[in-house]
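After this come two complexes, each holding chain A, first together with chain B and then together with chain C.
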Partner chain A sequence: MDTNDSLRVASLWHSMHAISQQLSPTTGCSEIELLEADTFDLHIFQSLTGTKLFVVCKPGTQHMEALLKVVYELYTDYVLNNPFYETKIPIRCELFDINLTQAIQKDRVALLGR
Partner chain B sequence: MPPAAPRSGDAIFASVERVNAELFTLTYGAIVRQLLTDLEEVEEVNKQLDQMGYNIGIRLIDEFLAKSNVSRCVDFKETAEMIAKVGFKMFLGVTASVMNWDADGTCCSIVLEDNPLVDFVELPDTCQGLYYCNILSGVIRGALEMVAMKTEVTWIRDMLRGDDAYELQVKLLKQVPEEYPYKDDE
Partner chain C sequence: MIGVGKIKQYSNILEKPLSKGKQEVSLSAFAFLFSELVQYNQTRVDNIAELERRLEDAGYAVGARVLELLCHRDKGNRRETRLLGILSFVHSTVWKVLFGKVADSLEKGTEHEDEYMISEKDLLVNKYISIPKDMGTFNCGAFVAGIVRGVLDGAGFPAVVTAHFVPMEGLQRLRTTILIKFAEEVLQREARLG
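Right after this comes the complex of A and B.
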């Protein structure tokens, strides 16, 4: 998927997310946390500021919420603290990419060890 | 997996990288001096400091949420306590206290005894209208706006102007939750 496709899919998701809150038959539903499909799982983390982080993984992968929290911290450290990063444009911060890859590698290794 | 418990301001402050306090104070002082030179009018400088603070606040809030693990505050009283006890501790290393609540719980004062921005600072006569720490009011306003609260933050007491403490009044104007269908940008 290229950048434009990602943006289109993400904005679709943003709307679905909002609709789901209204569709929910129970009160107090705040968001979709997990989408389970045949070939993948989609985990979502939403911060109190409305920023959403997704991870797509193999069905049944554990501890994705913890990974998303780690990614959120990386986002606040390397993206938001970068004075040249403008909000609402795709993230192109090298430090963020490097640390993100490392965090995922670490998680995969830990996962194999469990 | 049960959610992680919220971390205290002390714990987070102890775990982040820190910078020399004098460097911080000098850097902030240099910013204010440069603004005074560039803008000349004290009112303009106040506005600019507030705007800078706002730009910082809208980003700082996510770092605050990520590091402190807090869940949504139940009411504005909890929000104010969070800012004073966790926020100020985490970012400035000082604890503030919350007082002077109004009857409907939408307006309070945050009082700082200690303020690292103003070490060694004395306001000259030519800068008497200056709110030296106005960046702080912008930071709070910006941060709260990103969590759906429109607020007005003003200085009530300022030690550089002869008072005995730094007192910020934070007034909740309205809650603005995002709702679907979203308004298109007009």
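Right after this comes the complex of A and C.
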């Protein structure tokens, strides 16, 4: 998925998220956490500041919330502490990418091992 | 008995004894502060060399103060007069106080007599910083280079100190090397001392 597609999905999701908050049938509901479709699952994690992280995966993949929390930690460490990162542009931080792939591989290995 | 159960009130802050201080500072707080320092300077310079010089100057101020503080606290007000002495002081004591560990290695340069290198696999100030490709060889370790220059200058060993990325086999991450090039008078004095 290239940058433009990611931006499109993100903006689509942001509007859907806002609308869903108003339309929710149960009271006290804050956000969508999981979207299940035929060919994919979409997990969302929202931080206290309103930053949303989402991951698209194969249906039935476990422990995505834990992965999202790990990614959020990596984001705060490597992206926000980077003086050369400007907000609102696509993330181009080497360290973030390296650690992200490592985290996902670790996760995948742990899943296959089970 | 002196001072039992009583805290002496000091009328003048200059009379208070220098305490050991808190040993630990939050890493995130420091990383954030340092990132702000770099950003602040970035908006005020025109090119990368200028940015590096500013970071070095910031480090120089820290280095001068660190030298005074450490000479008083750890070395009992003795000062180093020999080259190897001051280098091992920087390599172990200063690094230990600033970064919590001694530097990875101290090497003598092979090409020139007056060059020494302190290298560090993962410099604390660079821990969370990824340099964008268009900045070339810029290294935020220039701040640490400034600290080393401040210490050396204060101790009477004028030198030119720079920070470089050195590729290391087997590791994805580049190693940071602080290159110290001493002035001519330091080597002459060292030769005279025997």
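FYI, the second predicted complex is superposed on the first by the 114 of 114 C-alpha atoms of A that agree within 3 Å, B and C clash if a C-alpha of one lies under 4 Å from a C-alpha of the other, contacts with A are read in each partner's own complex, and residues count from 1 in each chain.
The rule we apply is simple: a residue touches a chain if its C-beta (ideal position, glycine included) is under 8 Å from a C-beta of that chain, and two chains touch if they have at least 3 such contacts.
Note that this is a predicted model, so its numbers are computed, not measured.
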Which superposed partner A:Thr51 touches (first chain B, second chain C, both, neither): first
Partner chain(s) touched by A:Arg92 [first = chain B, second = chain C, both, neither]: second
Touched partner set for A:Thr39, first chain B, second chain C, both or neither: neither
Contacts of A:Asp77 with chain B and chain C, given as first, second, both or neither: both
More chain A residues in contact [chain B versus chain C]: B
Shared chain A contacts, counted only where both chain B and chain C touch the same residue: 76-77, 80-81
List of chain A residues in touch with chain B within their complex: 15, 18-19, 21-22, 47-51, 63, 65-66, 69, 72-73, 75-77, 80-81, 87
Residue ranges of chain A in contact with chain C within the complex: 76-78, 80-84, 92-96, 98
Parts of chain B lying in touch with chain A, wherever the complex brings them together: 1, 4, 58-63, 65-67, 72, 146-147, 178-182
In the complex, chain C residues that touch chain A: 28, 31-32, 34-39, 42, 128-132, 135, 140, 172
